[in-house]
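One structure, pasted below without further comment.
In this document, chain identifiers A, B, C and D correspond to the written order of the chains, with residue numbering beginning at 1 in each.
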Amino acid sequence: MWTWFHKFGSPPWLYSIAGSILRWLVPITVILLAVGAVWGLLYAPPDFRQGNSYRIMFVHVPASVVALAGYYVMATAGAVSLIWRMKMADIALRSCAPIGAMLTFLGLLSGAVWGKPTWGTWWVWDARVTSMLVLFFLYVGIIALYEAFDNEELAGKACAVLSLVGTVNIPIIYKSVDWWYSLHQPASIKFTEDSTMDGSMLRPLLLMIVAFYCLFASSLLLYMRSEILRRESSTNWVRKLVLAKAGQGSANAV
Amino acid sequence: MTAAAHAEPLLKVHGLELERGGRVLLSDFSLEIYPGEVMMLEGENGSGKTSLLRTLAGLARYGYSGGLQCNADSLLYLGHKAGVKTLLTPRENLRWYCSVQNLPLAGLDAALQSVELTGYEDIPCHNLSAGQQRRVNLARLYLSEAPLWLLDEPFTAIDRAGVKRLADVIAARAAAGGAVVLTSHQPLPSDYPVRRVSIARQERS
Amino acid sequence: MQFDTVAEALNMAGHGAYVWSVYGVSLVAVTVLLLGPVLRSRRLQRQQLALLRSELARQQRASQSNAEGEE
Amino acid sequence: MGRLLAACLRRQLLLAVRRPVEVVNPLVFFLLVVMLFPLGIGPDPRQLTEFAPAVLWIVALLATLLAVEGMFRGDFDDGTLEQLVLAPQPLFLPALTYVFAHWLLTGLPLTLLSPLFALMLQLPGKAIGTLMLSLLLGTAVLSLIGGIGAALTVGLKRGGILISLLIIPFYVPVLIFGSAAVQFAAAGNSAQPQLLVLGGMLSLAVALAPFAIAAGLRISVDAG
């Protein structure tokens, strides 16, 4: 148990293992995204009520789902960072935040664009969009808090505490916003009626959700690798790595 | 110190590596402090004396690796900050400190007398001079029952007589079975029983 | 395939502008998420290499001047 | 343990008595912003009645947010927070007294003065009891959550606006249920479910927030 964690905390080990995972994860991600996008755009049947505009769902729903899950990944890294004091967990936490913020932003933007043909307005205070907006600010808060600290280790710990507070709060926020929405607007229009969705639409949607999870994982590992390089830049193993790569390059040139 | 060597160390540091702001201040630093000892940390500015003291006190809990074992059930830390609320009087300040540290209030007047604040007990601290405010903070030494004291520059901003008295309290604490770790810019008397530990920066080879 | 011609696919019965713009933005987002950190890693490695080279050059110069001094 | 809590609470209240401006400021802020709304919306009493629950709750939220920034600021700057962190007792206990003192000095006065503001905004008389009860419970939650933000940012030189950024998202559920309770009461319905939810949030916050505040304070003291 302990040796495993110790190893997991070792930067060169993590750097190389992330590299070997990425070698097959990135191609899989790209293929899944391409297949899902073509399926959703061209092959899935149009919705009987919304027509073709519902095809935005194949981006909107996966982005929203993975953005929310990403917060929990980040908080898990935060818990590990607080309990085992692992630097690598801080790096994971710091890398999750911009990815999550980006996906949340994509969810918000696609929701807004979807709203225009559906309701004739760019912004609707729908329950999901409102929750996404709050989630976006939670991610922004994490990034802002991290950047405010001079000491990076303490920044990681502070963000870990904040992300754990967030995990307790997010379900409450989502439930409150749902309740608030049902109170102020009769639930006549919904983005998706999940229960009645036909298999021909559900299959590409599920594929896209899997693709976005892979996207999150790939991007997280890539970010972590660059973050490791930045923090460990003065260590011997990074120097060796850099020199080895440069040597390869010059050998190829000759 | 032969008698003390048989006792448990109050503080044991083993293979400590201290890092602040991405800079390694100490590496593979080991230290044991036994009851009855006064230890002075020596090193130039920026060598990490304050960081080490804060780590020993448990105030800085991140940025170090290695073994750190404290056998004292309570400790007293005197840092750079005043540690005094200027809106409160000296008596109110110390009473709060006693409650926080769970100390009896009986010694409060004597402590204030020892730092020559008799007559100023009930004047809000913002009306006192900087030196007097400093002495309010130092009065904690006369109240404390903690076996381990960690004092960062205790001798600054006090007069020569004050230094003498302070040195006596510190020696008395050590004689009573406590241990004191301190840093100081002022030279201590040559006959003062103090163990000097240099934490001069090890050059990386 | 739901659409017979390319024009039909682009138009999507009037909703094309919305749908295609969202997919376009998503493509940009995916590119940023995957390529951004890769470019950052490259930049960091280049910086580190430049730093190492200048350090090596300095060491060489120092040893040369030492050697000259001994002569 | 009781001695520690009593000493911390008495000290906080004593400090407030010595510097009463800090207690009065949020109340004046509350009054000022309440004055701004009719100037912005127009003096029509019906419109004011409609907006009153939301306005009163948002202003109460902002007033608490303004005051929360100073919860640990003074003690951090003068080093007494270090002494508290080094005390043999667990830190979450005094953390809770800081929050309680903060609530006594901001949330409670706001609650007690809220009927006055409610009258100025033409809130129906039957909703005033609910308004006070919802503020009584809600401001306590706001103080607890705000304390987490204050603890995490107190060691930073540029805390300022950051705390709002961190904390406002967490205030969303309190605002939703607090203003809904007043709206229900103003419409003549029972607001009991909303008040119960607020009570539930308060018990959850009392149980968990002190630990987050203590963790935040330790990190901030480390940074200082």
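Quick note on the criterion: a residue touches a chain if its C-beta (ideal position, glycine included) is under 8 Å from a C-beta of that chain, and two chains touch if they have at least 3 such contacts.
Listed by chain with UniProt protein names: A = Heme exporter protein C; B = Cytochrome c biogenesis heme-transporting ATPase CcmA; C = Heme exporter protein D; D = Heme exporter protein B.
Bear in mind that the values here come from a model prediction, so they are computed numbers and not experimental data.
More C-beta pairs in contact connect the chains of A-C than those of the other pair, out of A-D and A-C.
With chains reduced to the mean position of their C-alpha atoms, the one farthest from chain C is B.
Each chain gets one centre point, the mean of its Cα atoms, and the points for chain C and chain D are 46 Å apart. Each chain gets one centre point, the mean of its Cα atoms, and the points for chain A and chain D are 33 Å apart. The distance from the centre of chain B to the centre of chain C, each centre being the mean of the chain's C-alpha atoms, comes to 52 Å. Each chain gets one centre point, the mean of its Cα atoms, and the points for chain A and chain C are 19 Å apart.
Touching two or more other chains at once is no residue of chain C.
Annotation for chain B: residues 62-63 touch two or more other chains. The multi-chain contact residues of chain A, meaning those touching 2 or more other chains, are 150-151, 154, 157.
Pairwise chain contacts present here: A-B, A-C, A-D, B-D [touch as defined]. Residues 85, 150-154, 157 of chain A touch chain B in their complex. Across the complex, chain B is touched by residues 3-4, 6-8, 11, 14-15, 18-19, 74-75, 77-80, 82-89, 94, 218-219, 221-222 of chain D. Those residues of chain A that touch chain C in the complex are listed here as 26, 29, 33, 37, 41-46, 51-53, 55-56, 59-60, 63, 95, 99, 102-103, 105-106, 109-110, 113-114, 116-117, 215, 218-219, 222-223, 225-226, 229-230, 233, 238-239, 241-243, 245-246. Against chain A, the residues of chain D that register as touching in their complex are 148, 152-153, 155-156, 158-159, 162, 165-166, 168-170, 172-173, 176-177, 180, 201, 204, 208, 212, 215-216, 219-220, 222-223. Contact residues of chain B toward chain D in the complex are 57-63, 73-77, 79-88, 92, 95-97, 99-102, 124.
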